[in-house]
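Look at the two complexes coming up: chain A is in both, with chain B in one and chain C in the other.
Right after this comes the complex of A and B.
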């Protein structure tokens, strides 16, 4: 199980999600992607997309207005 | 997944700031109510609206962008529900004005080619800027610096629009028809027709999301 970090700090709404989608394709099953975001809109659509895809998702607010989204590729 | 997580950074306690802000909002509200009660009501509605927008992560931009980009339609459905509620509310206000023989309130504006041009320009702009008008204002308040830039150019763009508005009025708006659906179809068909149409769009986008994610999952 490998983990990767994806730095999306300062990226506005659709960009973090697009980057996440591209990055998830490269991952193997069981790998975890940590997406760092600070745009509140991405806080909604990144986890939502990942859950829709059936991945395990957890969100952690690491700082005020800054989040890390943990996405585990399950299939 | 627990092992992956880093320990949380120590966060500043924001509670005192929240209390101070609440007191400030109330004080400004009282000052405004001395000027005119209507101002205080608008102040309260503005604050409440912003609060709901921020907490709900409601975003008109995402409601139109996400279906195309990711297939997620939850915000699209939220906007449809909001439109349905607004339809019922505004219909009640307008119908009562109609029964009393008053002029019908609301923004009933001419529709024409200028509507389509404006919509396309606004759509392109809001996707690039990462927010529509309310979304931009909300994120300015959240402290997202990029949106501060958006706001500055939003203001510049609005001023420019106001400067050119006369030309648009002369060339397109004055020649376009003013459509008020109850005048065309009658109140019953206009009201229930709009609700049924919105309901059909709701069902369609839900089906679209289901379809999109299921075909995607098969290929993975």
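Right after this comes the complex of A and C.
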């Protein structure tokens, strides 16, 4: 049940999504990845991809134009 | 209930609109612009005027360039940033984008993460600007407005944009991952 962080601040699409996909591969089932994003279009494609994979996703707006996407690897 | 928590505020101001909503609005607005002004929407041509006006103000003579022998470009040289229609539209895009991000409270000055981003942004900007000139338009003027005008050039543009995007994505994975 480990928690990992992925710093994608200052990174534009599609880099956050590609990095998230790569990082999720390394996680074990039950682990959580927190992706830090400040690019609004990554706010669309990162959660969308994770939900399509069947992972649990939660989004928190931590600051103006800055978000943390919690992705739990469920399988 | 606070305004920020109202479902309509969230849907219209805060969240991104769907691709469908955007596509329909773009199509309707482009038709309206064409009906009123006689020109479909374009973005980069007025930018070439911005550059030429600056160059002219500094004492250059862009009126001698081949590009400005074209009558509509030559006419634009006599105008300025607030009298050229395309130029006003571009100011509208910048102000509109700023307004949208401020209303959604998502305005943020982003940090530059690495020198690679600077190189990529400068190189990418130069390539896009140069490409838009030799292709007689960008993804709006040549592609979007071209296809909407039933012109073949928009489709040719699309085919080459696909090739470019494929090469670009390979470079992106190579240098940014």
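Basically, the second predicted complex is superposed on the first by the 75 of 75 C-alpha atoms of A that agree within 3 Å, B and C clash if a C-alpha of one lies under 4 Å from a C-alpha of the other, contacts with A are read in each partner's own complex, and residues count from 1 in each chain.
The rule is short, and it goes like this: a contact is a pair of C-beta atoms (placed from the backbone, for glycine too) under 8 Å apart; a residue touches a chain by one contact, two chains touch by 3 or more.
A quick note: this is a predicted structure, and the numbers were derived from the prediction, not measured.
Asks: On chain A, which partner touches more residues: chain B or chain C?
Replies: Of chain B and chain C, more residues of chain A lie in contact with B.
Asks: Just chain B (first), just chain C (second), both, or neither: which does A:38 touch?
Replies: Both partners.
Asks: Can A:9 be said to touch chain B (first), chain C (second), both, or neither?
Replies: Touch status of A:9: second partner only.
Asks: By the touch definition at the top of the document, which applies to A:22: first (chain B), second (chain C), both, or neither?
Replies: A:22 contacts chain C only, not chain B.
Asks: Applying the touch criterion given at the start, work out whether A:59 contacts chain B, chain C, both or neither, answering first, second, both or neither.
Replies: A:59: touches no partner chain.
Asks: For chain A, give the residues common to its interface with chain B and its interface with chain C.
Replies: On chain A, the residues that contact chain B in one structure and chain C in the other are 10, 14, 18, 38-41, 43-44, 63-65.
Asks: Could you pull out which chain B residues touch chain A in their complex?
Replies: 1, 4-6, 8-9, 11-12, 14, 54, 57, 59, 61-62, 65-66, 69-72, 74, 127, 129-131, 135, 139, 142-144, 146-147, 209, 213, 216-217, 220
Asks: Which bits of chain A are touching chain B when the two form their complex?
Replies: Those in contact with chain B are residues 3, 10, 12-14, 17-18, 21, 32, 34, 38-41, 43-45, 48-49, 52-54, 56, 58, 60-65, 68, 70, 72, 75.
Asks: Tell me, which parts of chain A touch chain C in their complex?
Replies: Going through chain A, the ones touching chain C are 9-11, 14-15, 18-19, 22, 38-41, 43-44, 63-66.
Asks: Name, in rising order, each residue of chain C that touches chain A in their complex.
Replies: It comes out as residues 16, 101, 105-108, 110-113, 117, 169, 172-173, 176-177.
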